Amino acid sequence: MHFKARVGEKLADRILQENLAKAKPKFVDSRAKVMLELDDIEATREAAKQIRNRSLENLDLWLETFESKATEAGAQVHYARDSQEICKLVVDIARRHGVRKITKSKSMVTEEAGLNRALEAAGIQPVETDLGEYILQINDNEPPSHIIAPVFHKSKEEISDLFARTHNTPRKTDINELTREAREQLRPHFLSSDMGISGGNFIIAETGSVAIVTNEGNGRLCTTLPKVHVVITGIEKAIATLDDLSTLLRLLPRSATGQAITNYVSVLTGTKRPDEFDGPEHLYFILVDNGRADLIGSEFQDMLRCIRCGACMNHCPVYQTIGGHAYGWVYPGPMGSVLTPLYQGLENALDLPHAATLCNQCGVVCPVKIPLPELLRKLREKQVERGLRPLSERIALRAWAWVARRPALYALGTKIGVRYLKWLASGKDRIKVLGVAPAWTQGRDFPAPQGETFRELYARGQRDCAR
Amino acid sequence: MRVGLFVTCLVDMMRPRIGFSTLELLESAGCEVVVPATQTCCGQPAWNSGDAPATRALALKLLAEFEACDYVVVPSGSCGGMIRSHYGELFARDSEESRRLDALSARTYELCDFLVNVARIDALPNADFRGTLTYHDSCSGLRELGVKAQPRVLLGKVGGAALLEMNGCEECCGFGGTFSVKYGDVSAAIAERKCRNIQSSGADAVVLGDLGCILNIEGKLRRMGDEKTRVLHIAEVLAGKADA
Amino acid sequence: MHGGNVTARDDILGRLRSKLGRNAQNAATARQAMGEVLERHPGGPRPSQPADRLAYFRQRSEALSTTIDEVAAFADAPAAVAAYLKRHGLPLAGGVAPGLSDLPWAEAGLRFEARGGRPDDLVGITGCFCAIAETGTLMLCSGHDTPAALSLLPETHIALVRLSRIVAAMEDAWQLARDELGRLPRAVNFVSGPSRTGDIEQTIVLGAHGPYRVHLVVIREA
């Protein structure tokens, strides 16, 4: 379905609209409050930006350093160019170790890859263990609508019905009880799975470690109990040192959920040591390209700083109005509107760069200072350069710009234009239906112009004008 | 000081009163105001639509019209932001054009910012508003130019007016230029949230510094059946023309 | 060395090198700068903290629903743990980290076995490598004497924290690890309060997949 049609559907979805209205202030208010704990918010954001830039500017070398450290610690490092290679690597690893069930901690890269479908096709059972992702999986593999709050779009009543139906249990309406029910359903899976898959918030060159940030503890279970652990993450997630991690952790949970720190931060290095009671015997890293490498050195490199906190979507007036599903791919909101065309092809997401007011609320909350509106605008420029905009739009824009460079013609055009609009208003202060911009007047009136242009009045020596 | 008034294309067409209010405010602040007769548009619609060549042409046109002025004042955070924050990106860093545009950008001010930080005006002799006001921080003015305290300082000098802050005053109204017609439905839905916040403030009028947002907010309030809440440009209030 | 996947690696790194304009000379310069970063591992801006570190640690921990008790010496810990368990009607048995097995647990009426965590454990007792005042966080390092699952599987996790091991910030914790451990253990788990989720309607619920309760006993002895 086309983005525009999905938007219409989402605006008309009353339950979604109620859910969005309820969820909106929670992330925004809690972030604002907890950011104030930092003495110097701007200096911290700037430091985080520099840390991410430092990685990206020498990404090849940092990856090599990471790889040698991780290998030294007993991990195996693989690379995947695209979704197909990710899926093949995971299925191969699973087969090598005779894996039948996999517990998964949240990973957006596996969403990019459609990994669960590939695993099922290979006869391996993936179990999503993040509460939100679990809810989506049992709801017929519904896609997430938010990168850190996958069921942002759902009410607890919908989840109550889903649990009662799927678990065959009495319907519960208390969120505590729903959460306990999911815990009880999932605990046996943790204990019986042969392999855990996690994402990686960062990979650390200094030590060859992966850092995983979670609240529920499912990430720890997936990476502690099964005998095989596979980390799947983007190549851009490399950072230099543990101290860099400490700085980024002052911003990631604050920006994401309004927490000073998440409940769990796990820094995992290598495999189970000989005298340990627990831990995986095999650790694999799958470092994913999927479009990332091509952004290095490009005018979109800044986007690779992204640490996937979701603050941009939480603060986006468009996201707040339509939710995440309308965006059509894995990543919604401003970061998604930049990433989707870059990873999926400019021509496959023509709407997204335009689906923004460029209000820059995203840019000012971004913990790594990604100039999101600027990147969206650059994508619009690419569309124009490649002739991807509709002909009518191109003609209108060109004609307007041509006239705007010719003051006399422009003066005549605007003179006629405002008189036409004034006439349309037929003596009232507003226009109810505007033929040249029907999309405006579907949901709003268009205020009538005063009737003459400023320049006309000024040229006549007028210093004031009546309504 | 010689101040060039760039009224903006929207004010020129839709509400000349804002332009005249700005003119009076600048003159009563002691400025010698020039209004280049050939001015049209700053190029922002082209820039935001991805048409860089058209934007460059319009930027050079504006440069030619205003380069001789000590300052350029704009009754819009959006157009002011375009000139101040984006003109510098249009040409190669070391080019002659870039150098001249940078110099112009540095002398370009949003109206409130200019009155408070450059003209440093003390009083607003003509300002008079009986009632309560709430101020909407339009996005570009706020986030590109740091226009936040300035309008509030000025509104504090308006005899008879009391400022009531609304919830989410810094949230976008949903206008977004071409966005408002490309995604009219989303734009109107965002505007509705903004209008509810305006209404909940209980103010008699919402005041702001950008005509695009004014058209959006006024249009939505009226469609919602609100005939009572007035939507005013801050220049109109400060110049005492709100009751015109 | 890289599985059967040499081409993907070479392709990706090759493209990165070409996009970055990599050559032998700039690689050498970059490696030197990287070496300095790894050597010095410079930190970023840190929020300031009140002088009373224990009070701040307590305040930050309690904000995350962690409960805190204080005793004078390690030998007093079992009695404090027993009192906590009784107060909350919790079982007086479970697993204790082997590194703490020599404390007088039995004398306090507790039956805690020194071992790793088990799925049916209701209570797990661990020490910690250190604790962090800035965020009210425990730093747990995995190892034979400090099994990772013991702080994760049980519904109640109790940790003994030596006062002198409460550091200001995570950077200080890493420095302790560098100084004392040399290389990182397999798992460093930073734990900040009971597990939680906000996935349903962004409403915070304690006890998602990990513990419902985290209780700390701060040991004042040096």
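When the chains are written out, they are named A, B and C in that same order, and each has its own residue count from 1.
To be clear about the criterion, contacts are C-beta pairs under 8 Å (C-beta built on N, C-alpha and C of every residue); 3 or more make two chains touch, one makes a residue touch a chain.
Keep in mind that what you see is a predicted model, and the values were worked out from it rather than measured.
*Asks:* Quick check of your reading of the touch definition: is the inter-chain graph here a line, ring, star, complete or other?
*Replies:* Contact map by chain: line.
*Asks:* Which chain, with its centre taken as the mean C-alpha position, is closest to the global C-alpha centre?
*Replies:* A
*Asks:* Please flag the chain sitting at the greatest distance from subunit A, going by CA centroids.
*Replies:* B
*Asks:* Could you state the distance in Å from the CA-based centre of subunit A to that of subunit B?
*Replies:* Computed value for the inter-centroid distance: 32 Å.
*Asks:* Averaging over Cα atoms per chain, report the distance between subunit A and subunit C in Å.
*Replies:* Using C-alpha averages as centres, the distance is 29 Å.
*Asks:* How many angstrom lie between the centres of subunit B and subunit C, each centre taken as the mean Cα position?
*Replies:* 52
*Asks:* Among the residues of subunit C, pick out those that touch two or more other chains and give their numbers.
*Replies:* none
*Asks:* Using the touch definition up top, name the residues of subunit B that touch subunit A in the complex.
*Replies:* Result: residues 7, 9, 11-17, 19-20, 23-24, 35, 37-41, 43, 45-52, 54, 57-58, 61, 139-140, 143-144, 170-172, 174-193, 214-216, 218-220, 222-223, 241, 244 of subunit B touch subunit A.
*Asks:* Sort out for me which residues of subunit A touch subunit B in the complex.
*Replies:* 4, 7-8, 11, 317-318, 320-322, 354-361, 363-364, 377, 379-385, 389, 393, 397-398, 400-401, 404-405, 407, 410, 414, 417-418, 430, 437-447, 449-450, 452-455, 457-459, 462-467
*Asks:* Please give the residue numbers of subunit C that touch subunit A in the complex, ascending.
*Replies:* Spelled out, the residues of subunit C in touch with subunit A are 1-5, 8-9, 11-13, 15-17, 19-22, 27, 30-31, 34, 37-38, 41-48, 60, 64, 115-117, 119, 134-135, 137, 142-144, 147-149, 152, 169-171, 174, 183-203, 205, 207-211.
*Asks:* Using the touch definition from the top, list the residues of subunit A that touch subunit C in their complex.
*Replies:* By the definition above, subunit A touches subunit C via 19, 22-23, 26-27, 37-40, 43-44, 47-48, 51, 54, 57-65, 71, 73, 76-81, 85, 89, 92, 129-132, 135, 149-152, 154-156, 159, 175-176, 178-180, 183, 186-187, 190-191, 205-207, 209, 215-218, 220-221, 223-225, 235, 240-247, 249-250, 257, 260-273, 275-279, 287, 289, 293-294, 296-298.
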